[in-house]
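The structure appears right after this line, and notes come after that.
Every chain is named by a letter (A, B, C and D) in the order it is written, and numbering of its residues begins at 1.
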Amino acid sequence: MSLDTTARLLITCPDKPGIVAAVTNFLFSHGANINALDQHSTDPEGGTFFMRLEFQTPHLDVTSEALKDAFARTVAERFGMDWRMNHAGKPKRMAVLVSRHEHCLLELLWRFARGELHCEVTDVISNHPVHREQVESFGVPYHYVPVQKDGKDEAEARIVEILDGRVDLVVLARYMQILSPAFVDRFAGRIINIHHSFLPAFVGADPYRQAYEKGVKIIGATAHYVTADLDQGPIIEQDVTRVTHRQNVTDLRDLGRDLERQVLARAVRWHLEDRVIVHGNKTVVF
Amino acid sequence: MSLDTTARLLITCPDKPGIVAAVTNFLFSHGANINALDQHSTDPEGGTFFMRLEFQTPHLDVTSEALKDAFARTVAERFGMDWRMNHAGKPKRMAVLVSRHEHCLLELLWRFARGELHCEVTDVISNHPVHREQVESFGVPYHYVPVQKDGKDEAEARIVEILDGRVDLVVLARYMQILSPAFVDRFAGRIINIHHSFLPAFVGADPYRQAYEKGVKIIGATAHYVTADLDQGPIIEQDVTRVTHRQNVTDLRDLGRDLERQVLARAVRWHLEDRVIVHGNKTVVF
Amino acid sequence: MSLDTTARLLITCPDKPGIVAAVTNFLFSHGANINALDQHSTDPEGGTFFMRLEFQTPHLDVTSEALKDAFARTVAERFGMDWRMNHAGKPKRMAVLVSRHEHCLLELLWRFARGELHCEVTDVISNHPVHREQVESFGVPYHYVPVQKDGKDEAEARIVEILDGRVDLVVLARYMQILSPAFVDRFAGRIINIHHSFLPAFVGADPYRQAYEKGVKIIGATAHYVTADLDQGPIIEQDVTRVTHRQNVTDLRDLGRDLERQVLARAVRWHLEDRVIVHGNKTVVF
Amino acid sequence: MSLDTTARLLITCPDKPGIVAAVTNFLFSHGANINALDQHSTDPEGGTFFMRLEFQTPHLDVTSEALKDAFARTVAERFGMDWRMNHAGKPKRMAVLVSRHEHCLLELLWRFARGELHCEVTDVISNHPVHREQVESFGVPYHYVPVQKDGKDEAEARIVEILDGRVDLVVLARYMQILSPAFVDRFAGRIINIHHSFLPAFVGADPYRQAYEKGVKIIGATAHYVTADLDQGPIIEQDVTRVTHRQNVTDLRDLGRDLERQVLARAVRWHLEDRVIVHGNKTVVF
């Protein structure tokens, strides 16, 4: 299967009988060949229904625009669907914001360079000037946008100027500045953050120190969509590793870095592959 | 959802366009409400297609026998399907064979007693007489079938006599006698064994000693269907745990016991819930 | 090595040079053969030092009482040690408190019956009358101590009456009553609780529901010593398992039960083997 | 603690009473401050004893050479010790051999660049010419040593020429050429390989395909010292990840890459920190 001939359909709607039949029937009748189908219902009686389909387009009997129109009219409306249909072949445009710690940034760039992340990296923006050379070696533009004391608004305005209309996804790869509600709103549902703890434990600053002082036996990392509430957005992925009394705060940071890299890379990949549906403050990951 | 109104349909067939539409359309047209659907294809071009559906039966417009007939005629034949349709409400009948180590047996009995395993435990059979009191306290018949030197055939004949026509599943919960090909054949696809290693590593006797002598840093347990080839049947579930140089063979056995209990309980549960499809020497677990 | 000839020495003191040499020299000079030694220092400069030694006693040149006296005089005092020396052969006396959910209780009783936990189970106490038969089948006395509305003090007084002077360890195996500070104080450092979440996430009631509503991708269980602050005592052990959007609250409870059983059993075992040193609000687990 | 003032002592000897006392007493009497001590005995009666100590050197009363001499004479000889004493401050010299797949190589270079691996990377050698630019960007010399059909000996001779006398550690970071016994012998105990399976399962070529065809539910990676027997040397570290029927061979390779990177990086780090003692065909990792 080539990505170029693959399309993806994501659906959220009230659950009731006949949805799967209607959707698959519709696609089949137009010559689409379904090669992946996942569905989930929170409750068959009055719950919410989610579905992700991947289908092959070479034998479609209509253009993809016509297919969307027909789907809207004949299926989506009937079931009250919130839906989107994407061509997998078109790479999403991703920007990365980063502060001093570059491990998550490099993990993404490196996977991008290897072809593991199907996207276009449009920009890297940092409030530290130190990563320019590394970033540019990947052929990616690097923007140094310092955040002065009392200059937060100005910095954000500059970031918006760089990104506006150019990106489908903004990744906060250990970007340590808190973004304004206006910024979050502008890129709603399109900002992924990596938090260096097993949320909801240890929100806020220096979670590895908090974990050390609490004496937990397992530490974690969490990738989530960003909402106006700090560290509270819908969780996409988490992972953990064991620690003991032997690890000090520095050791936890070392171990945690490896977790952060893996967890963020998985969340970004799933987002790029249209695997994530946000539902309230939670996610469905197909 | 009550189990009493739940049915399950499992399908294996050559992949080609239209299967999902045909199946879901068929069920919908007869008043079935699909509440779970999983599918997998090894390759959309010429591969094998697998599907598991769970649906609610209260509004069926035909009897379940008529539904099966209609499905056979109008869908299954067209796509060359290997399929089965079960009522979830009818508990499967399970027998357990065990030798001296009773931890897996007790895990199953205890989950059965708590209602975590939807089945009827028809019999426990052992070549050791020591578990009678414990087993009978669960209200389950206990059969002591000793295996004499050169009396293997006789013992197996006695086991067949006890089980024949009475069981849907035979669980080898650390039963340390090798079963004859004839026995395996008689209960083909219905025998689950727990092997105390991460297969295919450490087949055969005393795998914890083998693991110790190899110096592995992780040990495992494997639940699999039994075929004529010892320890080679389709794997249903595996799990592992970390070990270090500090653990001796006895420690590995202690740690492994906990793995075996968990892995076997999961595999048995999935089998009872019609989640496992065998395909060649592998399984699809929905 | 027989437990009967094994002794254990646990030490906490300010770190400074010469501790290990002094302790091992002392034991060696009295004919003790060290067969396990673990140590940890929070900071060699001004930190706290912890050590656990296991040694064999057959060739001691003095009685164990005399050994303790000599250790106190010649080593412990010099380094300002907080220490204890136990004979491994003497089983600790353990009581279990439980409410309606019996899975943790049964896990402990079953491991006790198999010899996996070296202890004497003196009593099981419950505010529900339902577990008597199961508990008594292990040869363990069962006490039904109901907690009436406004009768909390009375119930606790009855529990104290049963336990006082008879137990080295009180395990709260899903005992859902909050204990008074006076009770906690009376058994300080000797009460282990299992909390059904990955602490510090989801303190308080119904943590599986909290986890479900938060949409975490991993759930956990935590065994900890009980202090006056609810769910805040020193953590002994934690473990986790992956979940997805497919699991509802009931599924999380099912999965969590297996975690709780394992985590509590490990914590209790380590306590019984003198592997845990409490230091402030944290533990060192050797 | 600075690495510059840290020394490490590793010991293997027959177990008998008094070893810990003798060693710690010796170090204490010369002004060394022990800040980490791990020990292990396969059996206190007639087993083998292993110990790793880390100590601070600022207050030593002799030179480190004199300390070694004294230790040899007064302690090591008495107990028949196989031992080594290293200064942690002196970086080990590491070379990396790689074929086409560069993920393990880059993981090591990247950690080296971040200061996570305390070593000097002397050379990268490959039978493919493609990684030069990336390697040289880390300031590390890159040698392209092609392996012609029938030119294996020649290639190996060239590699020996590059490495001889210059390296303390040779890492095979997915180097897909089999090395001759003579080569292995020359660098005995100093070659670490990453094998892309959970050994001893799936030795030899294309282990991900083997895993796929076997239908395992967990895949792994193994870092081990290289001996003359292919894929059979002492295991240093292993890790695993879950897979299902949904992953094809390509997916397993993708998932496995992340495992390989982590497992190899940990094994190399532990070797560089003098944490690994080889004992027969197994390792003790402190």
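We take it that a residue touches a chain if its C-beta (ideal position, glycine included) is under 8 Å from a C-beta of that chain, and two chains touch if they have at least 3 such contacts.
Only a predicted model underlies this, so the values are computations on that prediction, with no experimental measurement involved.
Compared with chain A, the chain whose C-alpha mean position is the greatest distance off is C.
Interface note: chain B and chain C, two copies of one sequence, contact each other through mostly matching residue numbers (shared numbers exceed half of all numbers used). The interface holding more C-beta pairs in contact, when C-D is weighed against A-C, is A-C. Centre to centre, using the average C-alpha position, chain A and chain C are separated by 42 Å.
Each chain gets a centre from the mean of its Cα atoms; for chain C and chain D, those two points are 37 Å apart. Residue positions of chain C touching 2 or more other chains: none. Of all residues in chain A, only 103, 106, 110, 114, 116, 137, 254, 258, 262 touch chain D in the complex they form. On the chain D side of its complex with chain B, the touching residues are 40, 42, 50, 198-202, 214-218, 220, 234-240, 244-246, 248, 281-285. Touching chain B in their complex are the following residues of chain A: 1, 17-18, 20-21, 24-25, 27-29, 31, 33-39, 41, 44, 56, 59.
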